[in-house]
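The next part holds the structures, each set out as structure tokens.
After this come two complexes, each holding chain A, first together with chain B and then together with chain C.
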Partner chain A sequence: MRSSLGRYALWIGLAILFAALPHIFTSGTSLTKMSLMGIMIIFALSYNMLLGQTGMLSFGHAVYYGLAGFMVVHFINRASGGAWPVWLPFVPLIGGLTGLTFGIIFGWVSTTRAGTAFAMISLGLGELVAACSLILRGFFGGEEGITTNRTRLLRLFGYNFGPQVQVYYLIAAWCLICIAAMYAITRTPLGRMSNAVRENPERAQFVGYSTQMVRFLSFCLSGFFAGIAGALAAINFEIMNFLSVSAVQSGTVLLMTYIGGVGHFFGPILGAVLITWLQSSLSDLTGAWMLYFGLLFIFVIMFSPGGIAGWIMLHEPLARAGLLMRLLPAYLLIAVPVLIALAGIVGLIEFGHHYLVKGATDGTVVRVLGVALDTAGPWPWLISVGLLAAGLILGRRLWPVVTDAWNGASAELKRRISA
Partner chain B sequence: MLELVIFSSLNGVLYGMLLFMLASGLTLIFSMMGVLNFAHASFYMLGAYFGFEISRRIGFWPGFVVAPLLVGAVGALVERYGLRQVHRHGHVAELLFTFGLAFVIEELVQMFWGKLPVDYRVPASLDFTAFTLFQTTYPAYRMFMLLVAVGMFVFLLAILTRTRVGLIIQAALTHPNTVAMLGHDVPRIFMMVFGVGSALAGLAGVIAGPALVTQPSMAALLGPILFVVVVVGGLGSLPGAFVASLLIGLIQTFAVAINLSLSDIFGSGGAAIFGDLWQATVAQLAPVIPYLLLVLILIFRPTGLMGTRET
Partner chain C sequence: MSAVALSLKDIHKSFGNTPIIRGVSLDVPVGERHAIIGPNGAGKSTLFHLISGRFPVSAGRILLRGEDITGLPPYQINRRGLSRSFQVTNIFPRLSVFENLRCGVLWSLGYRYSFWRFVEGLRDARERTEEVMEQIGMTARRAIPAGVLTYAEQRALEIGITIAGGANVIMLDEPTAGMSRSETENAVELIRKVSQGRTLIMVEHDMSVVFGLADTISVLVYGQIIATGAPAAIRQNREVREAYLGQAEEH
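Take a look at the complex of A and B:
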């Protein structure tokens, strides 16, 4: 009884959080950001059904997102003005079905293979659809895309979904439903078999399952949820263009999911929220934000292949045993050189960006903390390189402290378990 | 018509040879290390930009020599300090690493040289007409490109089949463990092959830069086509890569020159069912054809045209 209550408490808490967010962050821009986060959470989770759950690396996931978005735009345009009796909140289902349909068609083709071949087929299909999007102007609207008006469907309880806050709640509701549904799928036999196919396809076959069938079903379901995300995007932006089926969109969802962490269910949620936030916030602060994005991705691949979620869950056993506090001093200590090195890297990128991109028009002088620095001279560079070097050297010196603390806490944990 | 066929064949072979300069390195790297290098086209782009920067300051010919070497050095460093670290996390991580690297290289190129195409010119010594056929002139620079590509092909073939190093590389392709047991430093061979592959891509960039457009999106435009070439040819097969490069090069060039659509052949009746697809000319469909070929090959002949192993 208590455990089932605990299980529901998480979902109820999430629902309350979604409901409360617009009252905490009331500004228009944060409402837009949160709507986008909701869409991206669904999209990234659907991607992780492939990459994380079934071990299929896809380079063309935007196909299902984008095609569904286009279909929904056309659907709303046809149905608007009361031509068809539909309400906007149910329109994402149309997107989902579109994603599912294309998932069945393309999945039937591509899931016969696994591994690198699957990745290549998905890339080929993605490029195929992206190339078609510029040819089939009637459906994709060419370069400028196709617009729609979400308010022209039938009203539901008097809501016309014109204001952004109403759209936010629509997205939040669908987001909650999709998170719950996708989590539920991981607990079904199909979800478990997907994991088996990911870990060891040969043994999965010996147990009597068709690995191809498991991959196919995962692929179709993933297409369905990507379609819902695409539909919500169409409703949110009221425009769809060729970029939404492009390799850029496929790459973005891959980066989001991987940075968040593919090994745990909540990883892609973290990734979607963080990357969407970075995209909107960093792009205001610096012109080189895409570079930070790429470097972050490489950093995660090289040093934390489990992503952010993997790193957090590494601490879970220690947190349960109440040993997390033992790590805190070491982490605070290592944070100092990390921040110093980070400042050096940011300095190099920002000074470089200022000198190379803005230097020609705005002059080479940049103000940092009230000090004027000339990026044409040596000082900004010496300072940045110095900070980076100091951070790296200091970090190397202090690293044993962290490993000692970690080993100490782990040993304590082991002692408690065996005792 | 004859004029079209001759010039399209020439340009097709040229484009195909250019593709092969990249595809040969890519397929060698894949068969040795099992990594499909997403950043390979980025090395090609780096070659073009390095060549541009050097030709702007010193001249085209120094750039022709130095830029590929620089790109090769960058490639070797990437292998030594990037890929080798990621290797223990598995193939997916390696693939994603090169994917991220392509992303970062594109951003860096945009930062250093701007988002617009740069003015990378054909050197004055090669800026003349090679021959005139049917009142159409053919630039000498294109003949030079063809010459370089063919020269590189011969060079690569000679190294792989006639030298000891080539023998070791060939052995490492199929039996890396045995080669390691015979006392060869396999990681170093990997680094070397990666570096040479990158240098070849850089060389392709240096010579392609003035003829095509040197812009930050040139890697993203060529990269997917490159995968089509190596997969269609058969992963790990050099002759296959050669045939596929020429095939794709010719298909692309001829398709662009053909201005026929289905409605021209069968009348406008099908437009009601197929919409724009019925009206689209072969030239418009040209970008789609390689990917269609890729998907069909992967479904019906997974080993590629000349490959021996499944992808």
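Take a look at the complex of A and C:
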């Protein structure tokens, strides 16, 4: 009883959070960002149905997202002005069905293989669709893309979904439904057998399951949810162009999912929120934002292969035992050299970016905290390298404090369990 | 004359130009515990792979309770009531013991690929999983990821997954390989228990296990069965002693 109440509490809490967010972050830009986050959460979770749940690495997931988006743009344009009796909130289903249809067609081809062959086929199909998007101008609109007007469908309870806040709530509602549905699927026979196929495809065959069928069904469902995300993107932006089916979009969803963490259901949610935020916020701050993005990805792969979610869940047993506070002093201590090193890295990237990109036109002098530094001279570089080196050396010195704290807390946990 | 559970009709298998199985015919009656023994490289594991559909046969037919299963994929053969274990432990390492066993149960109870009902709500699947878990003595280890179990536990889990679906014909490939004396004794007890009322076909190197468990023994040497009979008869068989048992004793 209590556990089922706890389960509902999580979902109710999430619904309240989604409802409250526009009242906390009221600016227009945060509303835009949060709308995009909702879309990307669905997209990344749908991707993780393949990567994390079934162990299928796809390089062409944007196909289902983008094609659904285009289909929805055409659909809205046809249905506009009361031509067809449809309300905007139901239009994402059209996107879902589009994603599902292409999932069935392309999945039939690609899921006959697993592993590397599957990854290569997905890449090929992605390139195929991306190439088509520039050739078939009637459907894809060439390089400009095609536009639509979401307000021209029938009004529902007087809402025409013109204002961004109405679109936000539409996205939030679909996001909640999709999170719940995708979570539910992980807890069904198919969901569990997907895990089994990920773990050991051969064995799965010898307990009666066709691994190809498991992969195919996962692929179709994943296409369905990617399609919903694409439909919401079409509604949100009111424009779709060739980039949405491109390898760049496929790569972005892979990075989001991986950085968030493929091993836990909520990982891709964290990844989608973080990367969307970084994309919009960092790109305002610096022209070199793609570089930070790439460094983050490499860092996660090298030092936390479970992603952010994996790192968080590492602490779960300690948190349960109330031992987390024992790590806090060590973490605060190590944060100092980490921040120093980070400042050094940011310095190197930003000075480099300024010197190489803006130096020719705007001059090589850059102002940092009111101090003028000439990136053509040695000082900015020496300072940056110095900070990086100091951070690394200090971090190495202080690292034993972290491992000691971790080992101490773990030992205490073991004592409590065995006691 | 009892019914035949598994029937092999002149099975051949070659890898490239190398013949591995050179005409094996065998009838295993329903309810029999049948052991296949033979020196290393005789083709015992290959024969298992052929019967269970992992490799296609080069020639010959395989009948499961009279039905031709030659050339079917492994999952089709499994659905028809033949389940096997592996010589090298073949489990789902990051899934818990309970999940491992439930994966073995789901198809047999008709849940197939359903994604419209919660697996936790499937009472019969849970009960059957609990039952198997109890049988293999792993109830206390239910939540542990299979990959961190001890070797003997993983072997027991392997057998558990194999029997979980309730297949009538069970094939175990060297179930006690690499086990200590006491672990082997436990494994023999477990095999005796789980093969009750089913047909068991096993490959085994440990002669005490073979002679303790099997009703009938077949001796496979260089891809051919040179003798089939009751343990006592096999022990007396001169050809077998020369080809295999005598040789084993010298080592």
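Assume the second predicted complex is superposed on the first by the 419 of 419 C-alpha atoms of A that agree within 3 Å, B and C clash if a C-alpha of one lies under 4 Å from a C-alpha of the other, contacts with A are read in each partner's own complex, and residues count from 1 in each chain.
Note that in this section a contact is a pair of C-beta atoms (placed from the backbone, for glycine too) under 8 Å apart; a residue touches a chain by one contact, two chains touch by 3 or more.
Everything numeric here is computed off the predicted structure, so don't read it as measured data.
In this superposed model, does chain C or chain B come into contact with more residues of chain A?
Of the two chains, more chain A residues are contacted by B.
Just chain B (first), just chain C (second), both, or neither: which does A:202 touch?
After superposing on A, A:202 lies in contact with chain C but is clear of chain B.
Please work out whether A:71 is in contact with chain B alone, chain C alone, both, or neither, and reply first, second, both or neither.
neither
Looking at A:127 after the superposition, I want to know if it touches chain B, chain C, both of them or none. Which is it: first, second, both, neither?
A:127 contacts chain B only, not chain C.
Which of the two partners, first being chain B and second being chain C, lies in contact with A:116: first, second, both, or neither?
First partner only, chain B.
Please indicate which partner A:217 is in contact with in the superposed arrangement: first for chain B, second for chain C, both, or neither.
Only chain C; A:217 stays clear of chain B.
Who does A:191 touch here: chain B (first), chain C (second), both, or neither?
second
Looking at chain A, which of its residues have contacts with both chain B and chain C?
Common interface on chain A, chain B vs chain C: nothing in common.
Which residues, counting only chain A, touch chain B once they are in their complex?
For this pair, the touching residues of chain A are 55, 57, 109, 112-113, 115-117, 119-121, 123-125, 127-128, 131-132, 134-139, 247, 251, 254-255, 258, 288, 290-291, 293-295, 297-298, 301-302, 305, 352-353, 356-357.
Looking at the complex, which residues from chain C come into contact with chain A?
So the residues of chain C touching chain A come out as 52, 54, 73-75, 78-79, 83-84, 86, 90-95, 99, 102-104, 106-108, 111-120, 122, 161, 164-165.
Considering the complex alone, what residue numbers of chain B touch chain A?
So the residues of chain B in touch with chain A come to 36, 82, 85-86, 89, 91-93, 95-97, 99-101, 103-104, 107-108, 111-112, 114, 220, 224, 227-228, 231, 275-277, 280, 284-285, 287-288, 291-292, 294-295, 298-299, 302, 310-311.
In their complex, what parts of chain A are in touch with chain C?
Those residues of chain A that touch chain C are 184-185, 187-193, 195-196, 199-200, 202-210, 213-214, 217, 221.
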